[in-house]
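Next come two complexes built around subunit A: one with subunit B, the other with subunit C.
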Partner chain A sequence: MSEKSTPVRGVTRRQVLTSGAAAVVLTASGRASAVTIDGTPQWRPFDHNAADAVDPSQDWQFFTAEEAATVEAITERLIPADELSISGREAGCAIFIDRQLAGFFGTSERLYMQGPFVNGTPEQGDQSALIPRQRYRVGLAALDDYCRRQHQARFAELPGESQDEVLSGLERGEVPLEGIEAKEFFSLVHQNTMEGFFADPVYGGNRDMVSWRMIGFPGARYDYRDYIEKHNQKLDFEPLSIAGRSGWRTQG
Partner chain B sequence: MKRTLLTLSAVGLALYASLGAVLAHAQGATEYDQVEKGRYLSTLGDCAACHTAPGGKPFAGGVAINTPFGKLVAPNITPDDETGLGKWTFDDFQRVMSEGRGPGGYHLYGAMPYTAYTKVSEEDNRAIWTYLQTLDPVDHLVVANQLPFPFNQRFTLWGWNLLNFDKGEFEPNPEKSAEWNRGAYLVEGLGHCGTCHTPKNLIGGDKSSQFLEGSVVDDWYAPDITADPHKGIGAWSEQDLVDYLSTGKNRFDIASGPMAEEVEHSSQYWNEDDLRAVATYLKDGRNADAQAPTPLAAEDPRMVSGGEIYADRCAGCHTPNGAGVEGLFPRLADTALVNGDSAASLMRVVLAGSRAGATDAAPTAPSMPAFAWNLSDEEISNVLTFVRNTWGNAAAPVSPSDVAEMRETLEQH
Partner chain C sequence: MPTKLPATDAVVVGLGWAGAIIANELVDEGLDVIGFERGPWRDTAKDFNIASVPDELRYNARQELMLRTAQNTCTMRNDVSQTALPMRSWGSFHPGNGTGGAGNHWAGITFRFQPEDFRLHSHLTERYGRQAVEAANLTLQDWGTDWEEMEPHYASFERVAGISGKAGNLNGTLQEGGNPFEGARSIEYPTPPLKQPYGPTLFAEAAREMGYHPFPVPSALVSEGYTNPLGVTMGPCTFCGFCTNYGCANYSKASAITTVLPALIRKPNFTAKTNCEVLRVTLDPSGTRATGIVYIDASGREWEQPAELVIVAAFTLENARLMLLSGVGEPYDPITQRGTTGRNYAYQTANSVQLFFDDKNFNPFIGAGAVGMGIDEFNNDNFDHTGLGFFGGGSIRVTPIGAAPIANRPVPPGTPTWGKEWKRATVDNYLSTMSIGCEASSYSQRGNYLSLDPNYSDRLGRPLLRMTFDFPENDLRMAQYCTDRVAEIARRMNPRQMVEKPMKGHWNSGPYQSSHVVGGFVMGSDPSVSSVNKYLQVWDVPNLFVVGASAFPQNPGYNPTGTVGALAYKAADAIRRLYLKHPGEMIA
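Now for the complex of A and B:
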């Protein structure tokens, strides 16, 4: 947190020295733990590396009921229902985000999360010391605080127009949030909402492959040999999820 | 004079010594041939499949065999005095092979395929015994009989033998060729093909009238290998059979499961003549005139659903028309294994995946991914029903409860 508010751009001499010392210590004590495979790679029965399918009927896994209501309200405004599709909320974007936060994404498990934390350039990507769970927890609380101060109501209780105003303010960095930068918070929720809308339905969003139908994406197929000669024809693929599609069901 | 005598006797001694060496050498050569013959025969019989534990010392025992009655563990057959066959004589070994009885007359369990080995000639048994004597003795105690009561009572096997055991060396059929008879001797004897491929009665004995018509072993289906053109090897050429046994693959199939082990440990090392003999004999088997059943209608809802699943999940490798890719992805169209009476292997391979066998001639060992995580029991039953009744195949549909049962069994392993 304190590192984030340091007004220094770039890296100071002291930081170079301390991180250099840390690097020396790491080199001395760290052991490489790369995996070496000899001969034929191992094969195990039932082996697979996909996430288990999300059950949308389950309770929230990470959000509190209040947080979930706020996120649902945000996704309703970011992707409103229109003639093209149902809304982001209806497509399950909040469920997608909730399950992602409950999983390894939520803890930045696969990222380097030791210091030093400094403001990098945009090209250097995400430099925040907060893991996504903290960003949502802190950001959602701060957002409701802001709305109570400005509008005497929680974000989810505001009329759509006011919600849009607040969201636009967040996007421009004009709405001050306690504990997290508004732009950083907004861009994360915005990105995760799009991911939830377009990701495979097994992850909780994109209900009934609604976004895929909208854009004509055929889904997780890998064999087009039967169609490769069919030039300039509309194929009308029903999209295919990792979990299958309705055509798989035994009819009658 | 004295010197002459001495010289002469020295020459004589030298002559005698060299004659002895020649004799010893001749004897050594005979013994060498006998050991090598025994080594080859023990490979034909795939003794190591049960008597060598994975990663263990050769023939020191320890492989557990799961029978419907309980667990039996293959004993140590190295010449160790305390824990192996060190104190046995050839007659003891001959009796095991021929009668299924150990020294002192105790009965062996049928997991030791003496019902097949009884056909092995005494001459061949002698070679195997000679070879076994050359193994390093390994001190490894194996408790063979781990069956629950009452199956652990060996005297009950007396009655079992009465019902299931036809003792006696192989007798050639004079009306058939020497090659045919060699094939019969191998298939019915050391090869003990029927141990897996012949249906079993309630007490685990072979149903001799259904010899090689297919049976479920360890949740795999050992398919029908009679000359039935629909579900047996009738549509395979002799070359197909030789290819399969010697490399693990042919234009239809790639060996998987226990048959992959058989090919890896045994038949890839059989000599060409023996493989041809086996092919000649099997091609002349029963059921060559068997009629294929009528396939399920393509409009059947299970077939429609199965076809959709096949297109989305299977066609990428097995190709849209089920032709597969030779040597990589087994053919499903018009293929005997798919038409088998039991779909056990098919269900198993779709649920848990499988890796094919690797031989010196075909070392790739391609593997099939598991679908247990993303296909339901009903989806698997539908896709298998579709595969079993399309492209010239015809076989009983697979039910979701069959798949559920197999899923549960495999996940317990």
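Now for the complex of A and C:
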């Protein structure tokens, strides 16, 4: 049997300093290190890989004030306020989208973004060279341009019914936008609005778990052993975020 | 030039299910083993903590646990006339990353394949005649092994993973409540079946009334506290519904990180190197002996690790790509049908029927990747295919995986995608909709294969893997037939509305279907149409073993992981018992 090359116990980080930036593998927390592990892996107490929570009270991180107004207006129409819930805007969907764009989602840094960028078949999926930040920047500007030409006002200034007509036109690909396909722009905004409305509130949308209450999703509960065999019964769980819920804080 | 390191006995590429199992067996044999993993070390306590795991945005929508396509992806096209383009984000399937691999975010459904599957070409020829088999226009093959050889290794995998379920055939005697179509088992499942939610229970009642034999889906989610033969303890599944595409915080979902690695990493003759991506297997000038591997660490520095024995046990796609990049075997050519590296790539054919009710509450957030009830009457060759115009079939089942609402908001077709009407329909249908799935076979055909892409490369300049795949006509016919059978059961359950979704048209890389990509470096007894022998040993390179679903010559209507685990034990057993007595030789 051969000799062991590195008889080190525990975790050692081999930090070889080179300029090989192209080869660096990025993780959520930045730069990864090659790790040689022997024996018992070690971790610190409470090192639980927490979510990157959003502070909704901060200023816009990516959007300009004008862009934010447009996105708020869109999310107000996609998820309107009614007897079932508050609106997407009121739930914080625009804040959610802003923070997503400010982070790794906005830059496509985790995605394969090497060219050539070629339009393929429908089966070959999204081949756009535009990262989400660009899709929003270009799309929002083009949307306002369109609305000014057609309605002599920015999207956010239009009456609700006109906004709905424009959004339907975008969804069908019938509203021409400069610099981006209308369907591509609409589907990203629609996707992100729904993500914001239904994701855990720590990401800035779904304020007070409003969407979860609306549909009856209990959120981040982790044990249904006592309920799995309660068939066809309404359980009426109070929902729970991974950050807990407001009632906890007042009782604390 | 890579820096050469001191030699070791064995290197294992990939620390998912297959790699961890083989590494552990070789370490127990006394070999010094180094395992390489391109992603990070993952550990339940740190990475899958209960305070951070139930997060749909992070794990399902943003694919936290999956291989990042910036590091490595593949290109795809439906046929050789098209130019393949890169999959820039994962859709149709979800390769994993880090220790545990895709075995961390898998659903956990753990079938054994059936005895006929291992000699499919021979079996179908015997039953339907050579002419009928040739008319199907497929490239079906035998595996070069059989049920008697596979069974003990299935048992080993089930014991290490604590699989829950109910035997249907124990040593040849049929068992009430189990799957009557399974091959004879030597052991009962290590843990009893899970409790069942409402949807699977309703489905099983309807199926039973129609004369079928519903059984609890075999599951890698343990149903009670379980300590496996390596001394690692797991806890019971709590049906949290954050399962498929998530890591498990309860130590309930079997994965290499919850069953094998905690024991293996503590053994003195094993070392793991994480965030270290293997670039190629090195061969001696004759091309008949592997001399080790070359890898790149996270700083971009290249190292050569010489070894006497090289085990490649990455995901299917990277197994095939590493062999193509290393020049092992001859690349498959779909025109001449020469070459074996990349041959017989196959997938899985996903079908379903969705059921909308007015008067039922399924509490769909209660679930798990592998809790449910299934029937096998229309799977594989369990029904007579005479005159049907296709071979194969599917596993029909109801497995509510949880219903976190970014991805799970069923509404009837034609519902607007936004606005008041959308919201009303979302609320009305969230709790009262269920689905019956039919995960069906994917049979290989001449034009479906894996190769290196001529246009797109990874961040290191190495060609991406190119996938050329479309559903064979055989499989589309099978999909329609089996989905019609599912619809009969659905109708009996009397929903307000039901929607049949048989697989149709071209394979689309966008919507998620299944991560069961198989083949490309297949096993068999004939070196002209296979890459490895029945011990997973590469033809003509005796000290190189390539293990995983890459060895499947075609895919039955079952999930692959149980068989991946069994093949890992099979290869390890052959190395321990046979190869090490005559190292450097093909096992006779």
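For this structure, a couple of remarks:
Criterion: the second predicted complex is superposed on the first by the 193 of 252 C-alpha atoms of A that agree within 3 Å, B and C clash if a C-alpha of one lies under 4 Å from a C-alpha of the other, contacts with A are read in each partner's own complex, and residues count from 1 in each chain.
In this section, a contact is a pair of C-beta atoms (placed from the backbone, for glycine too) under 8 Å apart; a residue touches a chain by one contact, two chains touch by 3 or more.
Computed from a predicted structure; not experimentally measured.
Once the two complexes are laid over each other on the shared chain, residue contacts for A:H48 go to subunit B and to subunit C alike.
Within the superposed three-chain model, A:E67 lies out of touch with both subunit B and subunit C [touch as defined at top].
When the two structures are aligned on the shared chain, A:R245 is found in touch with subunit B, with no touch to subunit C.
Between subunit B and subunit C, more residues of subunit A are touched by C.
Legend: residue contacts after superposition of the two complexes on their common chain; A:M214 is shown touching subunit C, with no touch to subunit B.
Look at A:M194: by the touch rule set out above, it reaches subunit C but stays clear of subunit B.
Looking at the shared chain after the overlay, A:E184 reaches neither subunit B nor subunit C. By the document's definition of touching, of the two partners only subunit C reaches A:I79; subunit B does not. Judged by the touch definition given at the top, the superposed model places A:R225 against both subunit B and subunit C.
Note: residues 40, 43, 47-48, 50, 221-223, 225, 242 of subunit A belong to the subunit B contact set and to the subunit C contact set alike, using the contact criterion stated above. Interface residues of subunit C facing subunit A in the complex, by the touch rule stated above, are 5-9, 30-32, 38, 40-41, 43, 45-47, 49-52, 54-58, 61-62, 64, 68-71, 73, 76-78, 82-83, 85-89, 91, 195-198, 201, 236, 238-242, 249-250, 265-266, 268-277, 296-301, 360-363, 365-366, 371, 403-406, 409, 417-420, 423-424, 426-427, 430-431, 455-457, 459-460, 506-510.
Interface residues of subunit A, counted against subunit C in their complex, comprise 1-6, 14-18, 20-28, 31-41, 43, 47-51, 77-80, 82, 84-85, 105, 108-114, 116, 118, 120-127, 164, 167, 171, 190, 193-195, 198-200, 203, 211-212, 214-225, 227-235, 242. Listing the residues of subunit A that touch subunit B in their complex gives 40, 43, 45-48, 50, 52-53, 221-223, 225-226, 240, 242-245, 247-252. Looking at the complex, you find that subunit B touches subunit A at residues 301-302, 304-305, 308-309, 311-312, 315-316, 319-320, 351-355, 358, 365, 367, 369-370, 372-375, 378-379, 382, 410-411, 413.
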